[in-house]
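Some structures to go through are shown next.
Paired with chain B in one complex and with chain C in the other, chain A is shared by the two complexes that follow.
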Partner chain A sequence: MSTTTTRGAARPAPAAAFPARPRRGPRGSSTLAFWVFTGPFLIGLLVFVYIPIGWSLWLSFFEARFTVTPDKFVGLDNYRQMLENSDFTGALVTFTVFAALIVPLTWAVSLGLALMVNRLRFMRAFFRSVFFLPTACSYVAASLIWKMSLFSGVRFGLMNTVLGWFGIENIAWLANPDPPWYWLVIVSARLWLQSGFYMILFLAALQNIPPELYEAAAIDGARPGWQTFRHITLPQLRATSTAVILLLLVAAYQAFDEFFNLLSKTTWGRPPLVELYYTALGQAQDYGAGSAGAVILTLLICLVTLLQGRFMGFGRRDEAK
Partner chain B sequence: MTTVVKGRGAPVAPPNGRGRRRDRRGVLGNTGLYVATGIATLLFLVPFYLLVRNALSTDAEITGENWKFFPTHLQWGNIGELFDDSTVPFARSLWNSAVVGVLHTLGTLLVCSLAGYGLARIPYRHADKIFYAVLVTLMVPAAVTFVPSFVLVSSLGWVDSLRGLVVPGLFSGFTCFLFRQYFLGFPKELEEAARVDGLGYWGAYWRVVVPNSLNFFAAIATITFISGWNAFLWPLVIGQDPQAWTVQVALSSYMTNQTVNFHLIFMATAVSILPLVFVFLFLQRWLVQGIAQTGIKG
Partner chain C sequence: MSAMSSSNWDRRSVLRAAAGLAALGPLAACGGNNGRGGGSGSGENLVQYFHAYGEAGTEQAVKRYAKAYDKANVTTQWITGSDFESKLFASLLTKNAPDLFEFHPQIQLVKSGQVADLSDIVEPVKDDFNPADIASHTVDGKIYGVRMIDDPQFFFYRPSLLEKAGVEVPTTLDELIEAAAKLTTGKVKGLFLGNDLHAVINPMIWSAGADTLDDQNRIAYHTEGVKEGLKKMRKLFTSGDLLLDAPADYWDPSAIDQGLCAIQFCGMWAMPQMQKALGDDIGVFPFPKVTDGGKPSVYNGGWSMFVNAKGKNVDLAKEYVKWLWIDQKKYQEDWSLSYGFHIPPRSSLAAGATKLKSGLPAEGVNLFNEYGHFDNIGWTQSMITALEDVFADCVRKDGDPEAALDKADTTVNRELKKLFG
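Right, the complex of A and B next:
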């Protein structure tokens, strides 16, 4: 991804590797050494990444139900079927809603936590650990706690208990899509799980901001607080923010665990991967359509990554210097 | 990048003009900061509280009329009951997760670090083309290609097997990329000294480079182990037979079971999380260092 570093590192190498006389000796053996080091990985990459992608591309043009070696070529039918399938397009809408909620929220919460922890003078390590700790938990475990206790739709769920103290009726958080309370459950679970990780990224970035900038701003009369934050801290965090948003977006795109576990028996709130799971591995075992769906998703994510890299610069200009 | 860790030691001259802020806002601002931090802390700890409370309660206490803050008698017997329960092979799934976690971590470290080193340090004419071929795979998240991967692995006959769980996940383009970036910054002088002493690439790697990079290896190992232990989609796809379930798949099956034993479900969750929480707290230093080092540059 960072093209600049690649070239810088690789360019001088060939000149050194192939001097005028390619004889035996430490230099001639470097090609062999290269393959010894990278060979296992590259073979694995070929077999378990490139071949599945290629196979999937091939399958997506065939009618492949219950088989992975089909012989009936159907052209673009699988693609048409997926794009006309309201469940699949609905899943893309679900993803869009999810991303629109979770990406800005996680960005704000993790940045807020980082700013807070960064200002602490006592027990900083303790508080950082508390916010970071959920990173160790799995999405399945969090889903379980959320579904069975925190947002349990019955009387003894914690949220309903708390609401009950204020005389509010029980809410069926997950069992009823109208109003869509399930978004609160799903978004809060992921927020809890991932904020700490991004807080660490922001903390590292905050500590890399030269203190002189703040001193200069103070001399120029900038008030501490919002003004300094708006004109010093935020611009200095630009590269990190961009990276964080991209990571969040890619992670949201791959959301599966919490949707699958929290909304297992419902038909609403299915993001793309859950939809794909039911298409390819559910009752129908339609590998052709599933593969077409995977290809569509892959193309979409490449597009999003490239677009974001272009619009936000990916913070690469700083690295290039 | 180690500043996060060092920051703990309370430096003499605080960065970010903390001194100035103290003058202007004084004690009040500081109190507000700690109150806000305290509230956030409580919110973040609620799920852990629920987990421990429910795991050590009886079902009657969990579903009781009034909210019980904590069980009167801690039900440690829930642990024994969990492992005697025959509806879900929980002990087996824990074992599977442990084996998969360790093999996944060791395998990834070995394969990806070697490749990262080769790409960073060993001169070869087509090295940059090969590196691009690795980078391209970063654009395609592994989760999105689970259908084709399953197709491949099932045609190899690896469904319901340890191989099927571990091997396809070893070849992480991202981890290889991280290692390459790290080795680019590794001091060349150390390797050259080793070469002068007559070691080849292989010897220099194992005798000089690896022993001097243990911190980085520890960071990547921790991250890899946690993500391996917590992985769900791939184990779900591969583990069709309950004997091949990992602990995450077992937990998930509790949620769809016919009978709901709250205390067992929460004890199972606690058992699946707590070892990891301890590992996490213990290795946090390396983790934070690793994330700060890699996440930002990546």
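Right, the complex of A and C next:
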């Protein structure tokens, strides 16, 4: 209803026909409607995003321990402390390792699952649901199952039981970082949790590939299997693949739950968010240093995003089509 | 701009605006839940934080005591999970902070004005408290907390398994390492120190003849003896004789109860559960000496009640603490002895604690008295974390002890400078 009145207002003739209710009326209410509809979100954005960012920037120049309203200005001390802190710089390395492991793995596994489910003749809906189901599980719950049952260090832990059949000694998967078995635990948990979701994305994309393409390829002599996959399926999935990789990177960057729950009292295996949690919100309660770390991280993200836009051209018009 | 002139405030746009405001309602409601319950009409409200004790019945007990208090409606938040400190520290900064909470004495809480001076309620009964428990809560002559329970931590072992393996009760760390090796069989690991070993950090330092801080609040843990201890701990960690990644951590008696290990580091609180599971087949010994110059040690941990100095009703909270933890001896006795075993910090209660007078509990009390080290209020959470990092870096990882201790020195010195100037 409101759209029709707005449209009516755009036409000069009716406006002239009703001079008593000038154009101001409808335009005024559309301004009002704009604020009514966007207001809550803008307020939310302001209160939960922009004010905290500004506050955190302010905090980063103060000695803010056990308080968020500090009064002792320390200049760039917090920044120096964070940059000299090998735990913080190490966190960036941890994140890089994690992303390098989890992004290609999830991409490959979810694509593989999608290809398999897509070829099923029967029970497709069943398998689709089965693989998608872990997405509904919480990271905390999965971490606890991984830690206490699958990868527990005692002889009746599932993995140790299996290894025991082959006469292999019990392994302390999480406590002992050498060799770094904890990566296996962390990566497998996340892989199980998120593959199903990305499988659905790939599945949708696969079903969008016109069958004519495959027919044409077959007529041109492409062998089914690898050749068709390499030259037809994969290029057709390009847009989806890019989106999936981007989403995976974002998700990897946000990783917190499984690291926090699986690894305790460590100096390793802490991605930036976990490290900052321990600095600012954990036992140390050093909001100044934590905020400085957050600002450094934000600058890094901006830098990477700019570089990515420049080299990968993400966000430009898709030239593949 | 003129579009908003008053002539346009017809009924419809007013209604729309009202609808818009109504849409904001849920946002405002977000601030409504402050964990204080509904309030039962009369009386005032207090909120207290407790970490989740492992023994059955403890949560009900705390709530039962609170209910018996008639001057305020006391709500208990029972904080589960392993990071009680983080939750407590974070909430203390907010308006929803608890009025009173249990914790360990740490000076940064005093320096930042977060805990109230309780001298006036403790002073009259000061002589009835274990002097060490008063000292560990005192800063510049003021007492900031009321000790509820003392919890010594030491090793528990299965005499039958030691006998079978021909092992004596270890008196040095080397002997402990050797014993762990001899006691390890296909199904049982020799020793359990917890999954991340942090419980034995302080005992190891003390048993190496060092301390966390000296009496002038300077670093005292950076010694040759401690380095030697760290190297021995690394040897133990890599020996394959330690139980690691157990489903329950050191503070839970499950590992020794279920026969996963022959010796476990744990606390006095778990004694009743162990006796129930293992009967007489249980003994105790302190953390053995690490170096020739060292002495066996026991960490006398425990929990104390503090009042949030920035709370809405400090006086009422203090009154509640006085009522329960100073006046109500029946409840204090119940809390110390009916669930896990804890040593009452009040001499008058300890004297009448018959459950702790014989057998294994008496041996535990002996270790507490003979080898015990109490909390040092100057040793704060970030310093604790710094030494946990040392253990992570050079016991669980193959780092250089000297480098790890240097790194801790930086953190601890920065902290000391902030606290003591």
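Methods note: the second predicted complex is superposed on the first by the 275 of 321 C-alpha atoms of A that agree within 3 Å, B and C clash if a C-alpha of one lies under 4 Å from a C-alpha of the other, contacts with A are read in each partner's own complex, and residues count from 1 in each chain.
Just so we're on the same page, a residue touches a chain if its C-beta (ideal position, glycine included) is under 8 Å from a C-beta of that chain, and two chains touch if they have at least 3 such contacts.
Note that the structure is a prediction, hence the values are computed from the model and not measured.
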- request: Kindly classify A:Ala175 by the partners it touches after superposition: chain B alone (first), chain C alone (second), both, or neither?
  value: second
Task: Answer with first, second, both or neither: which of chain B and chain C does A:Ser29 touch in the superposed model?
output: both
- prompt: Given the touch rule stated above, what does A:Leu248 touch, chain B (first), chain C (second), both, or neither?
  reply: neither
Message: So in the superposed three-chain picture, is A:Ser264 touching just chain B, just chain C, both, or none of them (first/second/both/neither)?
response: both
- prompt: Looking at the overlay, what does A:Leu158 touch: chain B (first), chain C (second), both, or neither?
  reply: first
- prompt: In this superposed model, does chain C or chain B come into contact with more residues of chain A?
  reply: B
Message: One more residue to check, A:Ala204. First (chain B), second (chain C), both or neither?
response: first
- prompt: So, A:Ala99: does it touch chain B (first), chain C (second), both, or neither?
  reply: neither
Message: Quick check on the superposed pair: does A:Ala284 touch chain B, chain C, both, or neither? Answer first, second, both or neither.
response: second
- request: Once the structures are superposed on A, label A:Arg65 by its partner contacts, choosing first (chain B), second (chain C), both or neither.
  value: second
Field: Touching both chain C and chain B, counted on chain A across the two superposed complexes
entry: 29, 31, 33, 36, 40, 44, 68, 147-149, 264-265, 281
Touch list for chain B against partner chain A, complex: 1, 3-4, 7-8, 10, 13-18, 20-21, 24, 33-34, 36-37, 40-41, 44-48, 50-51, 54, 62-64, 67, 111-112, 114-115, 117-120, 122-125, 127-128, 130-135, 137-152, 154-155, 167-168, 170-171, 173, 176-177, 181, 184, 195, 200-202, 205, 226, 229-230, 232-233, 236-237, 248, 251-252, 254-256, 260, 262, 265-266, 269, 272-273, 276-277, 279-281, 284, 288, 291-292, 295-298
Statement: Seen from chain C, its contact residues with chain A in the complex are 2-5, 8, 12-13, 16-17, 19-20, 23-24, 27, 82-83, 85-86, 89-90, 92-93, 108, 112, 114, 187, 195-196, 198, 237, 240, 243-247, 260, 381-382, 384-385, 388-389, 391-393, 396-398, 407, 418
Statement: Note: in the complex, chain A contacts chain C through residues 24-25, 27-29, 31-33, 35-36, 39-40, 43-44, 63, 65-68, 86-87, 147-149, 151-155, 157, 169, 172-178, 264-268, 278, 281-286
Field: Of all residues in chain A, those that touch chain B in their complex
entry: 1, 5-7, 9-11, 13-14, 16-18, 26, 29-31, 33-34, 36-38, 40-42, 44-45, 47-53, 55-56, 59, 68-69, 113, 116-121, 124-125, 127-150, 156, 158, 161, 192, 196-197, 200-201, 203-209, 211, 214-215, 218, 224, 239-240, 243, 247, 250, 253-254, 256-257, 260-261, 264-265, 273, 276-277, 280-281, 287, 290-291, 293-294, 297-298, 301-302, 305, 319
